[in-house]
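Common to both upcoming complexes is chain A, partnered first by chain B, then by chain C.
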Partner chain A sequence: MPYLIRASRIATRPARAARRYPVGAAALTALVAMGLAAVFAEQLAPFDPLSHDEANALLAPSAEHLFGTDRFGRDVFSRVLYGARISLMVGLVSVLVGTVIGTTIGIISAYASGVADLVIQRFIDALMAFPHLLMALLLVVVLEPSPVSVIIGITVAFVPQVARIARAQALSVKAESYVMAAKSLGGSPTRIVGRYVLPNSITPVVIHATGFMEGAVLTEAALSFLGLGVPPPDPSWGRMLKEGSEGFLEAAPWLTIFPGLALTVLVFCVALIGDGVRDFLDPRQ
Partner chain B sequence: MTQADSAVAAEAVNVDDDTLLQVNNLKMYFPVNSRGIIPRHVADVKAVDDISFFVRKGETLGVVGESGCGKTTVGRCIMQVYDITEGEVIFEGTDLAKLSPGRMRRMRRRLQMIFQDPYSSLNPRMTAGSIIGEPIRIHNMASGRGDYVDQVEELLRVVGLNPYMRDRYPHEFSGGQRQRIGIARALAVRPSLIICDEPVSALDVSIQAQVINLLEELQEQFDLTYIFIAHDLSVVRHISDRVAVMYLGKIVEIATREELYENPLHPYTRALMSAVPIPDPTVERQRERIVLTGDVPSPIRPPSGCRFHTRCPIAIDICNQEDPEFRDMGGDHWVACHRV
Partner chain C sequence: MLRYIGLRLALFVPTLLIASIVIFAILRVLPGDVVDVVLGGSGEVAHDPIQVERVREELGLDEPLIAQYGSWLWSVATGDFGGRSFVNRTPISSLVARQLPVTVQLAVYTMLLAAAIAIPVGIAGAVRQGRWADFLVRVFAIGGQAVPSFFLALLALLALVLLIGWSPPVIYDHVWQDPVRHVQLMVLPVVILAWGYAAYLTRMTRAGMLDVLGQDFIRTARSKGLAERIVLVRHALRNALIPVLSVAGIQVGALLGGAVVMETIFGLPGIGRGIVDAVSDRDYPVVQTYATLFVFIMLTVNLVIDVLYAVLDPRITYRD
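Up next, the complex of A and B:
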């Protein structure tokens, strides 16, 4: 596959790739750094993110507490580190699962056509009528609050959009004469979908997936901000923003600035990587 | 031609051992649906409307006609890419239209297709080798990895490509080379019939000649029968043994190549022939050109009677009332016209 060959070239010559896609490379480096920080939070965090220390509550940022402390004396820096776990996990898992499910539904719908397509598409219309935050909120309320239900909620909210994109692409690929050629060679429907329709429909889905990851990270933060995300005491950037905004905005702005900054940087990096992926996958370059 | 007539004709031909393919009363209507949440069937595009013809073993049947006359649809109906509306496609004694999908898939080893556009007919995500090897894998025709590679390399050689090119992707080939890959793919299953759907229309004139010559060599080498669909009359004249002329979903005339080009009977065929330029300025200046007026009518609502009467220079009253019978004029020359 041409993309895999190019991808392997990039992997073997990172310096050249970085020169070609400087912004994307920088964003990817930042994202990998955040990922490593999240994975090794236990080793990197100077304090336990959950232990209360009332004597040192609401301290301004200092050499000891880089991002200050909250009203229970918990170290904000450590909490931001641990919070990255939730954001990244929710973002990656829901995008991965959502993309796989959405692509499957979309391609089946396009390939089946006729009544099956009609029914699936009207069902997707119904799902898309809800704004995705509302959809995710609804599901999280119905399920018990846990990281898993947040992931389920966000996944379900994004599946219809992925399905639409995959279906649109598969419909145009289906009309290509190489698909007719495969049919006239005697290829089974599974083979035609797996070897012809899917590989040629996936590019725009992959490009949009980065956009969904931004949306997923922000939706998780929004749910946590509304108190419906990851249950306390596990740190989540969304809930840290909420706690910091309840009477501490002026007195202790570091409570909101640092988790907000972390969230912004993460979403920004994902967006820039999305642009890089788009450039990379564009055959016209 | 009525049902009874064509049945008689079909039987007469079926007795003939030489017939490889017999098409009887083939109809292909594409439904036109209204837009909306629940689509409704409002009309049919009659792309192919009740045609019958046969192809003998080892011959090349040319099919000509202008864009939209249904010639490509006929090819695809024979391949059973579409579910035909009505009619029979009898290939080597079996009616393909009645086969189950599974049996039809196995039957596809016997008949293959070469496509018009060499750019969109090859999967851009597969290498030349795996495109050519796909039919071998589908029909389990190789005894092992080594045999498979040998077969693919041999096919590349047969169509005039280098075996080392098998790891390249379609975009790394020129148009002519891509069409050769398409030909190798069709040859891979050792078919007896190949439907060539405008195989050279998308190529440069110099490349066209190479591909045509290759097709002729292969026909000799592998005992192939071709249905050669094209709109270029000189190409069809070069390669065909017999030629069928189509107009608006109907075959208006079938004859041997010499007969059709020397003695065209149907007014539409005559108009087509007179549109071919003659490379001799004296003759070209003197000959009379028949220029058709008007456009091709819509295949959704074809004209009554003879479909050509709206543009026919010699039409009379009966032409817009009665569909002309497809008549044998002797010497393998069939024509559908009241005035002949």
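Up next, the complex of A and C:
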């Protein structure tokens, strides 16, 4: 696994890695900064994101309210800061959980082969025929809107694709001579899968993981924008866009522009990191 | 090739059936009493027993699950599309007849426009690899991938109102009713969705062309004196398009998801907005049928793409 060696070099010599992958490094720095801003939102936010202040409703951006205020007089900058929590949490958790579940299903399917594989694959065909937003929307509505059901909905939406990718890779790894060698030496299935198949099947999943995170963040925002995601009053960028655009698009464009920009910057960073990861793990493309 | 297409067709119906069972299971088997959900509120509030009875009867909840699913399936097969809407008693078949064409038009325009942009732009990026044109192509691609379509739509509406005082019509007309208003309303959602969809196609076209242009048969084609245009289009593009097609299939889901949001923003009366309204109203019969329709569209587009695969690359045979 030469990429593990390269990964450790990146970890030990970040300056050199940053020179080699400048765009990815910059995007990663920005993402970490957003993560820190989300974690320390309580300390950084100048106002309480939930407290109403009708006297100061719909103020344009100023030195006091950097991003202006909404129709309840809530500080948009503080709400954007807190909104990063939902976006990042949904993105990270659903990608992590979805990747683990999807990879497990994919490898089991590849390794089991035969009828089990066939049945699992037909199910995955059917699940992959759902637009992500639709699957997430159905689950969120049935489970009652909450951050947890949004994460569940998005995770389920993305699992089949991960499983498909992991299975394809595991099938080709399974045919490698080192796996045959391990088998002929009497290695147990758990050992073969854990020691050989899994580590060698994970690269394409990792390459696609940033794509899933983009999708997860955008799906959460779209759900909230449709009014079916994270319920009020917790700020989510998608719902801020919905509330800002309904009747206030012209009168108070800052309600739309700032949460939208925050969302765009986050997805942009993840996409650029994804490009860097792809260059790094798969230099052929 | 016929065998390949036949096998693809044979998989179509079972996949659609499994997907419809999944939808049914999500709507009926997951925790929570459907009646409570339909009537609103949690189980603690007592509902009017007459209403409860009506909902139970209409959904056939006293029957076993298999019978419930069977009667839904039968009503779809006979053109009834799952009975009537809970909310306004409209037959679902007439809702589908009214709303499905809107979404199909939106999706077809978007795919055609995206292909018309992505293929030449992707070729340009590959031919001018590393130069400023290629840089612009990459900016175009990553922008389309990262800028959320609904944010872009709101910005576009805002900019048009502020700059030229124009906003799209509020009422939807089919192209055969009022072509001018149809175009005025459709142009923004189509362009915005097409940028997002074209982003992936452009990337794949560029990568595919770069891959193919380095191969021996391209050098042969050039050395026998073929015009560069013919080398690019007839020799390189045909091979480079194969990965583009597979991405086109995968991204249809994102396109339809985007269509749901666009229909909501622009007030297009398609099935995307239809399902959002139905979900908000807990109109379960409509949700079940519309969700299945979305899967049907996905599968149909992917079937067409699979056939195109076989046309582009005669070597492809069916394999799992």
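Following the convention adopted for this analysis, the second predicted complex is superposed on the first by the 279 of 285 C-alpha atoms of A that agree within 3 Å, B and C clash if a C-alpha of one lies under 4 Å from a C-alpha of the other, contacts with A are read in each partner's own complex, and residues count from 1 in each chain.
Just so we're on the same page, contacts are C-beta pairs under 8 Å (C-beta built on N, C-alpha and C of every residue); 3 or more make two chains touch, one makes a residue touch a chain.
Note that the structure is a prediction, hence the values are computed from the model and not measured.
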Legend entry - chain A as common anchor, with chain B and chain C clashing or fitting: fit
Legend entry - Partner chain(s) touched by A:Val142 [first = chain B, second = chain C, both, neither]: second
Inset, instruction - With both structures superposed on the shared chain, find the angle between the C-alpha centres of chain B and chain C as seen from the C-alpha centre of chain A, to the nearest 10 degrees. - result: 90
Inset, instruction - Tell me which partner A:Ala84 touches in the superposition: chain B (first), chain C (second), both or neither. - result: neither
Legend entry - chain B versus chain C as contact partner of A:Pro199, first or second or both or neither: first
Inset, instruction - May I ask you to decide whether A:Phe268 touches chain B, chain C, both, or neither, giving the answer as first, second, both or neither? - result: second
Inset, instruction - Based on the superposed arrangement, let me know which partner A:Ala221 touches: chain B (first), chain C (second), both, or neither? - result: second
Legend entry - chain B or chain C, by number of chain A residues touched: C
Legend entry - Which of chain B and chain C A:Ile105 touches, first, second, both or neither: neither
Inset, instruction - Please work out whether A:Arg122 is in contact with chain B alone, chain C alone, both, or neither, and reply first, second, both or neither. - result: both
Inset, instruction - Have a look at where A:Gly187 lands relative to chain B and chain C in the superposition and call it first, second, both or neither. - result: first
Inset, instruction - In the overlaid three-chain picture, find the nearest pair of C-alpha atoms across chain B and chain C and give that distance in Å. - result: 5
Inset, instruction - Mind sorting out which residues of chain A both chain B and chain C touch, each in its own complex? - result: 122
Legend entry - Of chain A, residues touching chain C in the complex: 121-123, 125-134, 137-139, 141-144, 161, 214-215, 218-219, 221-222, 225-228, 241, 245, 249-250, 253, 256-257, 260, 263-264, 267-268, 270-272, 275, 285
Legend entry - Of all residues in chain B, those that touch chain A in their complex: 37-38, 76, 79, 81, 104-106, 108-109, 112-113, 115-117, 120-126, 134-135, 138-139, 169, 171, 182, 185, 189
Inset, instruction - Note which residues of chain C are touching chain A in the complex, please. - result: 11, 14-16, 18-19, 22-23, 26-27, 30, 32, 37, 142, 145-148, 150-151, 154-155, 157-158, 161-162, 207, 250, 252-254, 256-257, 260-261, 264-265, 275-276, 279-280, 282, 287, 291, 294-295, 298-299, 302, 320
Legend entry - Residue numbers on chain A that touch chain B, as the complex places them: 1-2, 118, 122, 176-178, 180-188, 191, 195-196, 199-200
